[in-house]
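These are the structures, in C-alpha cells.
The two complexes that follow have chain A in common; it is paired with chain B in the first and with chain C in the second.
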Partner chain A sequence: MATRDVGGRGLLGRFDDWLDEETSPRRALAVYGVLAVYFGFLLLPIAWLILSTLMSTEVMYSGRVVPAADELTLRNYAHVLARPEFRRYFVNSTVVATATTALTLVFGTLAGYALSRFEFPGRSVLLLGYISTQMLPWVLVLIPFFLLMFELGLVDSFTGIVLAHTAFALPFATWMLKGYFDDIPESLDDAAKMDGCSQVDVLWRVILPLSAPGMAVAGFYTFVLSWNDYLAVSVLSQTAATRTLPFGLQLFQTQNQINWGLVLTAAVITMVPVILLFAVVQRWLVEGLANGGMKGT
Partner chain B sequence: MGRIDIDGLTKVFGDGGDEIVAVDELNCAIEDGEFLILVGPSGCGKSTTLRCIAGLERPTDGKIVLDGDDVTDEKPKNRNMAMVFQNYALYPHMTARENMAFGLKMTTDLSTDEIDRRVTETAEMMGIEELLDQKPKELSGGQQQRVALGRAIVRDPEVFLMDEPLSNLDAKLRTQMRTELQSLQQEFGVTTIYVTHDQTEAMTMGDRIAVLNGGELQQIGTPLECYHAPANRFVAGFIGSPSMNFFDVRLDESGDSPSLVHEAFAYDLSDELAADVVGRGTEFVLGVRPEDVRLAEPDDENVLATEVNVTEPLGDVTFVYLQIGGDQYTASFDGDVILDPGSTVEVTFPEDRVHLFDGRTGEALRNREPPSEDAEARLSV
Partner chain C sequence: MATTTTGRERFGRYAEEFRWFLRETWLGYALVLPTTVLLGVIVVYPTVSGVWISLFEQSLINPGDAEFVGLGNYARMVADPTFWLAFKNSVLLTAVAVSLEYLLGLGLALALKEKVPGIGLFRSVSMVTWVLPIIVMVIIFRWLVQPDFGFVNIVLDWLGLPTTYWFGNETWAFPLVVAMHVWRNVPFFAIALMASMQSVPESLYEAAQLDGAGPLQRFRYITLPQISYVSMIMIVLHVIFTFNNFDIVYLSTGGGPVNSTEVLATYVYKQAFTSYALGYAASVGVVMLILLLTFTAVYVKLEET
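And then the complex of A and B:
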C-alpha cells in the first residue's frame, strides 16, 4: 500500500488518510452524522435514565437537565438494595433465568441436532409444530398454561415458572440451533464416528465446541426472555417467594405516589445483569447472528 | 490383516414410492494389502458402497466381512478402519496435532505421551511437523490434505477408506499427492479402498479397479484389463480419456462377405471378426479407441473419408475431432499433426483394434487384441 505524506495537511487530511481509499471525508462525515443521530436517539434515554438514578428527588424535579457534580448521589441505589424484597426478587430472577436458559439449551441442543441430522417419521410435522407455537400470542396460552400448572401443582413454584419460560423459549432456540447445526458439514460427524465417537460423543466433542456462537445467541435470547418476563410470572407466582425482578419495580410505587428515583434505580439494576451478560458473550453473539456454523471458523 | 468380502451388498434409500437403489447386489473380495479403486460417474453408488464398508450407512441387504468377521452391523469404531474425506473433515476447533491425536484418544488406552510420540512420528513422515500447532483454517488445501492423511495413518488401521480425497486440490498438487498416496500405500501395505471419478487416478493408482454404474458392478479387474478388455460398452466408454468412439451398426449379410453398416460407412468383416457377431442378432456397436484410429494408407481396407472439425495439438499427441455421419468422433495421433478444419482425411479402423458390443445389452463380444509390438507400426505423420 502506498504511504502518504500527512505532514501539514490538517485535521481533514489526517481524517482522509485514516479512511479507506474509496470513502471521501465528506461522505464519511455524513455517515457518522446519521449514525450519531441514530445512536443518540437510542442511547440518550438510557443515559438520562442512569443520570436520573443519581439525583435526589428535589434535583430531579428542579427542572435542570444536567445537575451539578456535587448534587449526584448514590442514595437511590442504597435505598433500593436495602429492600429485602428487592434482593429476594433479584435472586429469584437469577435462579429462574439461569435454570430456564440451562434447560432450554439442553433440550434445544438435543432437539436441534436430531432435527438437523436424523430422518425420522413426523420430522416435518414436528418442525412445523415448533414454528407454529411462535404464531400464538403468549397471552393466549397463558390461562390454559395456568390451568395445566394448577393441575400439576406447580403454581407458585420456580419449577412452574421455569417450565413456562422454557416452553416459550424452546421452539425458537431449537430452530436457531438446528439452523446452526445444518451449517456444520456432516462429514465432521462422519469423521468423528470413524475416529471412534458414539453419537453423543460426536455432539459433545465436535458439534458443540463448533456451535458456541449459536449457543450464545440461543442462551442470550432465552435468558433475556426469562429475565424480562412479567406476564407468566404475574399469573403463576402467587407470593413474594417466587416473584421476579420486573415485580421489583412495583415495590417503589404506591396507589397515590411513584418514587421515580427509586423506580428508575430498580430498572437500572434490573438491566445490569443483561448488559453484563451481553458484554461477556457479545463476541460469539455477533458471530452467531452474522454467520453460520462453519463460516469464520 | 485387512481382507474384505462384500457379499450381495444392497443399499436402498427412501421409502414408499420414491426408493432409490444406490447399490445393487454388489459382490467383491478385496485382498489384504490391496489398493482397490471404486470408480464410476456421479450417483453410481461408489461413495455409498464406501460408507457401508465404513459403517456410516447401514446396508439394506448383504454382508460385509472383515477378516472373516461379519461387521455389517458393527459401528464404525469397532471396524478399525480410517477414512479420508473429500473436504478433509478436519475438526476446525482443534489443532493439527489434536486432529491427529483424536482418533487414538477415542479408540485406544495409550498414554498422552505415547499418543503425542506417534502423532509427531507420523507428522515427520508426512512432512507436516511444523504445522502441528496450527488450526485447519490456517493451513492450505494441500496441508489440510496431509493432516487428514496423517490422521488416518496414525491410527494404524486395517483398512484405509478414501472418498475422493484429491478432488479439492489443484491439478499440480493432485498429481503430486497421487504419487505420494501410492508410495504411502505401498510402504504400509494397508488395504485401501479409494473412491474417485477421475480417470487418471483410477488408471494409475490402484491394483484393481471396480467400475460401478447405476449401483451395479460393471467390471472389476486391473486397470489395463478394464482398458483393453472392457466387459461392456459402459466400461469401454468410461475408462480411457478421450473415451472410446462408438458407432451404432447393423449386420448386413447380403453381400459376399458380412459387413457392419453405419449411416456413413460399411465395415467389411473378415471371417474371424464375422465369427464373433454372426448369429448374435443384427444390432451391434463398433468401438474404436481414439489412438486406434489410423490415417489410411493406399492399400488399407475399410477406408473412411471424414471431415476434420477441430484439431487439438497437445505436443506429444494431437486430438483430431472428425465428423462421421451426424456425430463427432475423436482420433488421437502421435506428435504434431497439422490438419486444417474443414479438410477431408481418410482414416481406417484396423480390424485387430476394434471392439464389438451387443447392440441391446452392451455386452462385449470382441475386444481388441492386447497391445503388441506391432503397435509401433501405426502410421506416424
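And then the complex of A and C:
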C-alpha cells in the first residue's frame, strides 16, 4: 500500500514535498506562471541585447532570432574595447562616479548623523527641505546652474559635473543614511561616551562600523545615479575630455550610419559595472530602499 | 531659604544650560553645513534664479545681455501650441505610466511575497531594470523595434502583422515611451509593495479566515488598506519622478515624431540648450516647478502623518 502511494503521487508528490507546508502545488504553479510572464517581460529585452552583441554583422541583420552556436563571436567586444574614445569615456565615467560617491558619502554621513542624533532648532524643516530639493525640475535648475558654472569657469570640467551629480544624489542618500543611523540603538552611543569618546569619535567608532550596509546602499545609489546621468553631462561637457559613457553612447547612435554591433556592445559594457555592483549590494538594497523611502521623518 | 536663589546664581545656571545647548546645536549645525550649503548653491539658488530669468529675454549665446520683459514669456507660452501639447503629453504620460506601474507592480508583489523555492533569486534579480542606465534601456528598445531585424518586428512579421520603426510612428511612439517607464519602474513598485505586504500581521488574515472571508475579500479588506500608506508614497514619488523625467523621452524620440512625444522637460531643455531661448525655457520650467511643488506638498503631508 505504502509503496503504491508513493508511486501514485509521482511527480506532483515530489513537487509538493519540495514546497513548504503552507504552499499547495497548485498555488506554487500559479506563482511560477505569473513570475514567468513578468520576468519574460523584464529580462527578455536584456537577454536579446546580450545575444545580439555576440552575433556577427551578417547574422545580426539576417532577421533570425536564434543564431547557431558556431556563429557566436566576441569580435564586437574586441572592436569596441580597441576604440580609444570609448576607453576614454569609460575612464571619465569612473572618475566622475567615484568622486561623486566619495563626496556624497562624506557630506551625507555628516548630515545624516546630525539629523539622527542631535536636537537643534530647524532640524525637521531641514530634513524635509533636503528631500524637497529632489523634486525640483532639473531642466529648470540647470539653466542658472550652467550660467553659474560659466562664471566660475567650471563648464567642461569634472568639478562641475561632480557638483551637479552630488546635488542630485545627496538628498536621498542623506535620508537613507539617517534611516540607518536611527536603527542603531542610542545606548551604544552613551556607552562609548562613558568610555570617553567625543561626539565625533562616536560617529567614527560606533555608527560607521555598524552601518556598513547602509553605506554600501547609499554609495551604490549615488554611483549608479552618476554613472547613468545624461542630462547634466550633456549640458556641461563640451569636449571629449569630460564626456562620460551615456553621452558617448548617444553620440555613437546619432552618427549617420548606425553601427549596431558597436552601439549594442558599448551598451553592454556600460551596464556591466552597474550590474556587478548591484550583485554585491542587492541583499541590502531592498531593505535600504524600503527604509529610506517609507519610514518617514 | 534653600529654594530662593539669587539672580546671579539663576543666571549662572541658565548660562550653563545655554552653553550646553550651544555646544550640542553648534556641532549639529556644523555637521549639516556642507550638505546645506551645497544644496543651497547648486539647487535652491538656481531654482530661485530660474524664476527670475523667466522674466527676461535672454540668450545662451550672450547671457550677459538680458532684456526685462515682465510676463512676456508667459504670454508667449499661453499662445504656444507646442507648449500645450507638451503639457498634455506630460500629464498623460505621468497618469498612464504611474497607473500601469502600480497595477502591474501590485501583481508582481503578490507573486514575489509567496514562499516558493527560488523566490529569493526572483526578488533579487527583479530590480535589475531599475539600475540599468537609461541610455542602455533606450538602446535596447530602439534595437527591439528596428525594421527587419529587431525582435519585435521579427515576431510581428511572423504573425503577418505590419512592421516599421515604431519610435518613428506618430501613433505608437508615445505608447512605447510609456512602456519604457513601466519596464523600468514596475520592479521598484513590486519590491516596495511586497515589503509592505510582508509587514501585515498574519493574525489579521487568520481572523478574517475564521469569519469566512475568501482570498479576494482578504485582499480587498485587509491587504489593500494595510498597504495604502506605502502605495500613496510610491505613487506620489513616481508622479514626481515621471513628470520630471527628461532622458527617457529625449534619448529615445527627442520629442518626435512631429512633437507627438514632446513633454515639458524635453521642451524646456530644447528651448534652453538647442534654441538658446533661456528666458522662455525658464518660464516653461516655472510651470513645471509649480506643479512639482504641489505634488511635493502632498508628499510632505503624507510623510508627516
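FYI, the second predicted complex is superposed on the first by the 268 of 297 C-alpha atoms of A that agree within 3 Å, B and C clash if a C-alpha of one lies under 4 Å from a C-alpha of the other, contacts with A are read in each partner's own complex, and residues count from 1 in each chain.
Note that in this section contacts are C-beta pairs under 8 Å (C-beta built on N, C-alpha and C of every residue); 3 or more make two chains touch, one makes a residue touch a chain.
What you see is a predicted model; the values in this text were computed from it and never measured.
Visitor: Does the superposition put A:D190 against chain B (first), chain C (second), both, or neither?
Guide: first
Visitor: Could you say whether A:V206 touches chain B, chain C, both of them, or neither, answering first, second, both or neither?
Guide: After superposing on A, A:V206 lies in contact with chain B but is clear of chain C.
Visitor: Once the structures are superposed on A, label A:W227 by its partner contacts, choosing first (chain B), second (chain C), both or neither.
Guide: Touch partner of A:W227: chain C, not chain B.
Visitor: Check whether A:L54 is in contact with chain B, with chain C, with both or with neither, and answer first, second, both or neither.
Guide: After superposing on A, A:L54 lies clear of both chain B and chain C.
Visitor: On the A-aligned overlay, A:L236 touches which partner chain: chain B = first, chain C = second, or both, or neither?
Guide: Neither partner.
Visitor: Count the residues of chain A touched by chain B and by chain C, then name the partner with the higher count.
Guide: More residues of chain A are touched by C.
Visitor: One more residue to check, A:V96. First (chain B), second (chain C), both or neither?
Guide: neither
Visitor: Output the chain A positions appearing in both contact lists, the one against chain B and the one against chain C.
Guide: 294, 297
Visitor: What residues of chain A sit close enough to touch chain C in their complex?
Guide: Contact set of chain A toward chain C: 18-20, 22-23, 27-28, 31-32, 34-35, 38-39, 41-43, 45-46, 48-49, 52, 60-65, 106-108, 110-111, 113-115, 118-121, 123, 126, 128-130, 132-133, 135-148, 150, 163-164, 166-167, 170-171, 174, 199, 224, 227-228, 230-231, 234-235, 245-246, 249-250, 253, 260, 263-264, 267-268, 270-271, 274-275, 278, 282-283, 285-287, 289-290, 293-294, 296-297.
Visitor: Under the touch definition given earlier, write down the residues of chain A that touch chain B in their complex.
Guide: Result: residues 185, 187-188, 190-198, 201, 205-206, 209-210, 294, 297 of chain A touch chain B.
Visitor: For the complex, give me every residue of chain C touching chain A.
Guide: Touch residues, chain C against chain A: 24-25, 27-29, 31-32, 34-36, 38-39, 41-47, 49-50, 53, 60, 63, 104, 107-108, 110-112, 114-117, 122-129, 131-136, 139-144, 146, 148-149, 151, 154, 157, 183, 186-188, 191-192, 195-196, 230, 233-234, 237, 240, 244, 246-247, 250-251, 264-265, 268-269, 272-273, 278, 281-282, 285-286, 288-289, 292-293, 295-296, 299-300, 303-304.
Visitor: If you look only at chain B, which of its residues touch chain A in the complex?
Guide: 51, 54-56, 75-77, 81-83, 85-87, 89-93, 102-103, 106-107, 137, 151, 155, 161
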